[in-house]
Amino acid sequence: MSIEVSHVSYTYMPGTPLSRQALDDVSAVIPEGSVTAVAGHTGSGKSTFIQHLNGLLKPYTGKVFVDGTDLGDRSKKGKRALVQARRKVGMVFQYPEQQLFEETVAKDIAFGPRSLGLGESEIDERVKRAMDAVGLAYDEFADKPPFRLSGGQMRRVAIAGVLALEPAYLVLDEPTAGLDPRSREELLQQMMRLHRKQHTAIIFVSHHMDDILRLADTMLLFRDGKIAAKGAPREVFMQTELLKECGLRPPRIMELSSELCRAGYLSQMVYTEKELVDVLGRRLRDAR
Amino acid sequence: MQEPLIVMQDVSHVFQADDGVGKAALSHVDLTVKRGEFVTVLGRNGSGKSTLARHCNALLLPTSGHCVVAGMDTREEKDLWKIRSHVGMVFQNPDNQLVAAVVEDDVAFGPENLGVPPQEIRSRVHESLEAVGMEHFRHCAPHLLSGGQKQRVAIAGALAMQTECLVLDEPTAMLDPQGRAEVLRTVCRLHEERGLTVVYITHFMEEATVADRIVVMDQGQICRAGTPKEIFGDVKSMDELGLSVPLAARVAFDLRRKGVKLPAGILTDTDLVQALEGYHVH
Amino acid sequence: MLGNITVGQYFPGNSLLHRLDPRLKIVLLFLMLIEVFLLEKPAAYAFFTAVTVLFVVISRVPLRTFVRALKPLWWIVLFTFVIHLLTTPGREIFHAGILTISEEGLTKGCLISLRLVLLIVLSSLLTFTTSPLKLTDGMDALLSPGKRFGLPAHELAMMMTIALRFIPTLIEETDTIIKAQESRGADFTTGNMFVRLKNMLPILVPLFLSSFRRADELALAMEARCYRGGEGRTQMKELRFATWDGAAVLLFLLFTVAAFLLNHYL
C-alpha cells in the first residue's frame, strides 16, 4: 500500500502569459507508515506536489494512485473508489488555524467526520481521539470558541479537524511555521506519536533541515518543479553543492559536525546532537 | 552608541477583552534602546513581543508608564508623525503591509504621507531601493515577488521616511531559508553601514546571535536581558522559558556537563572549534 | 479554480495608452462608454469595434488576457444575445414551434452583445494599462472638486487602490480555503439553494475573518508609515498633462465625430 505519483506534470494558468510550469515529470512513491519530508524553496513545486496527493489538483499529464486507486479515474464505477481513496489522505494546509469556522472546538473538529456521514457517537469518539492526539484536553477545550484560543492551540484544533477523518496518510504543509521553539517541538512530537501509535504515514513540508534529518526516513528535494534528489536525509544532505543550488543549507548538526571533522575532533560525521556530545565528550576526556 | 533613542519607563499595556476583564499584554516594562544599537527580542508566542514593538512608534500607547522616542513622549499627539518617521516598522506578513501595486509606488507611500516634495521622493525611493538591493524590481508588482523580496521592499519603505530606527516584528517567520538569510543580511548591513538602530523580534535563535543585546520576554515582562553570550550561555533558563539556544551553545553546555572544560560564551561553530583548540584527540 | 480572474490586474508597460494621463484616460473612457450606448448603425459599430481593437493592439496587453476578462461574463453576453434574438419582431427568417427568429432580432442580438463586449474590453483597457496608484490619483483629482460638498474623494480613491491591490491575494486565499474544506469532506455542489448556502459557511466564515485580520494589519502598516488621509499629502508621480495627452484629446474628438457621422448618415 502506498501513494504513487507517476510522471506528473502540472502547469498553472496554461495558455496565458502568466502560465508557469510548477511540476515537470515528477515521480515518487510514498509507502504507508513512512515519514517523508518535502523540501525546496518557495516556488520549487513542493506545494503543488502535495496538493496532488489527495486529488486537489489534477495532473496535466501523469497519474496519482492512492493504495492502487487512480485519482484520475472519471468513470462511474471509479467514482466511489475515488472518494474513498481521497479520504485516506488528510491534508493540513499552511496556517490551518485560518480555516476554523465553527462556534466551538468540538464542532469544528466534528465537521470532517460529520460530512463522512458517521453516527453521532462515532463522531464524538473521533473528536475525543483527535483532541487527545494533539494534546488538547477534551473537558477543557471542547466547548470553547476556537477564536479565543492562542495561535498554537488554534493550530492544534485545526490539525485535529483533519485527524478526525482518521487518514492513513497525513500531509502537512509547514506545520510549525510561526511557532516558538517549544510549541514547534510539541507539535512535531505529537505528529511522530501518531505515526508510531496509529502507523499513520506522515508527509510534511519543512524549511527546517534539522527536523527533516531527525524525523524523516525519506526526503524529496524539489527544484524548479522537479525532484532534484530523493532518499535518506543523511545521504541527500551530503550533497552540499546540490543543496546550495536548491537555495538550502545542510542541517546545523551536519554543518557543525563536518566542521569538527575538518578540524580533526571527529573522525566521522555524526547526525544527532546526543551522538555528537557523546563522541566528542569521550574523545576529549580520553585525551586528557 | 551613547544617547538613548527609545526609553520605556514602567510601561504597562492592558487590552480590554470582550468580557470586560483586562488582560495585561505588557506589565511594568523598562527598556532603553540606544542610538545605533541592535537589540533582539525573544519570547514565546503571546509573550508580549509585538505589543512591545508597537509601543516603539506609538501604534500603541502605554496604559500606564511612559515611552519616549528621540526625546518625544509618544502620548504627545503633535509629535506622532515625527515619531513614526523616526521609527520605521516591518511586520510579519509581507502581503499585508504593501499598499501599492507597484514596488516604487509602495516605497513612495511613506514620504508622500509626510508631504515630501516629489523630486525628493524620487531620489529617496531610488536610494532606499538601492540600499536593500531591490532597485531592479522597482516597476514590479509586489505579488510577483518572493517573500524575502517583499520584506526588503517593506524595509525600503521605512528607509524612504529617513527613519533612524527599524523595528522588525518577526520579519522572517513566513519566509523560506533563502528569504530569511536575505532579510537578516540586509538588516545587518544597514545597521553596520548606516548605524541604523534595530529592534528585531524573532523565533529563530541563530538569528539572534548577531545582536548587541538580547531581551527575553515572558508573560508581558522582560525576564532577561544581556549580550547573546550571556543569554545563550544559560541554556537551562532558556529551556525553561520554552525557547532554545544555538546548536554550538547547546553542545558546549552538554560537553561542560560531561566534564569537558570549555570557556564561556560559545555561540557559533567557529567559537566551539576554537575553544577545543587546547585539546588533543587521538 | 479561481485562478483565472483578471479583474483589476495591471500589466506594466510603456505603450501610448500606458502613458496617457490617468485623469484624461478615465474621462475619455467614461465618454466612450456613453458613446457605445448611443451607437445604432452596424457601420458605426464596426468603426467603433475597429478602434477598440486598435487600442488593444496599441496597449500591447496580450489578447488572451482580454479573452479571459470576458470569460466570467460570457454567459451574460450569450443570454442577452438569445433574448434579443427571440423577442425582436420583424422579418421572419427561421421558425420552429413557438420560436421565431427575425432578421432584425439577429442583427439586434449581435449588436447588443457586441455592445457588452465593447464595454468590458474598454473598461479592462483602463485597468490593464493604468497602475492602481495612478488610477487612484486620477480618481482623486477628478473627484476633488466634490470635496467642497463633503465628498471624501481621497478616501474613496484610496479604498479603490487597496481593493485592487488585494484582489489577487484574496482570490488565492479563497482558493486555499475551498481546498482545505474540501479535504475535510465539505461538499459545495449538492442540495437545494438553502443547503448550498449553509454549506458555504465553512468558506465564508474563514474568508471573512481573514479579510478582517488583513484589513487590521494593513491599517496598522499604513499608520506606521504616517498615513493620515489626503491632508498634506504629496505625490511622487505628479499628474501633468503632456503633449501626448493633448494629441489624444484631438484624436478622440476626431474619432467621436467619425462615429457620429457613421451613426447618422450611413
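First chain written, first letter: the chains are A, B and C, and each begins at residue 1.
The rule is simple: a residue touches a chain if its C-beta (ideal position, glycine included) is under 8 Å from a C-beta of that chain, and two chains touch if they have at least 3 such contacts.
These figures come from a predicted structure and were not determined experimentally.
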Chain labels contacting subunit A and also subunit B | C
Comparison of B-C and A-C by number of C-beta pairs in contact, larger one | B-C
Intercentroid distance (Cα basis), subunit B paired with subunit A, Å | 30
CA centroid of subunit A to CA centroid of subunit C, Å | 41
Sites on subunit A at which at least two other chains make contact = none
Multi-partner residues in subunit C (2 or more other chains touched) are none
Junction residues of subunit B, two or more chains touched = none
Subunit A to subunit B touching residues, read off their complex = 41-43, 150-152, 177-183, 207, 209, 247-249, 252-253, 255-256, 259-260, 263-265, 273, 276-277, 280-281, 283-288
Residues of subunit C defined as touching subunit B within the complex | 10, 12, 131-133, 161-162, 164-165, 168-169, 214, 217-218, 220-228, 232-238
What does subunit C use to touch subunit A in their complex?
-> 3-4, 62, 64-65, 68, 176-177, 179-187, 201-202, 205-206, 209-210
Residues of subunit B that touch subunit A when the two form their complex = 43-46, 92, 146-147, 170, 173-179, 203, 205-206, 242-244, 247-248, 250-251, 254-255, 258-260, 269-270, 272-273, 276, 279-282
Tell me, which parts of subunit B touch subunit C in their complex?
-> 54, 57, 59, 81, 84-85, 88-89, 91, 93, 95-102, 104-105, 108-118, 121-122, 125, 139-143, 157-158, 161
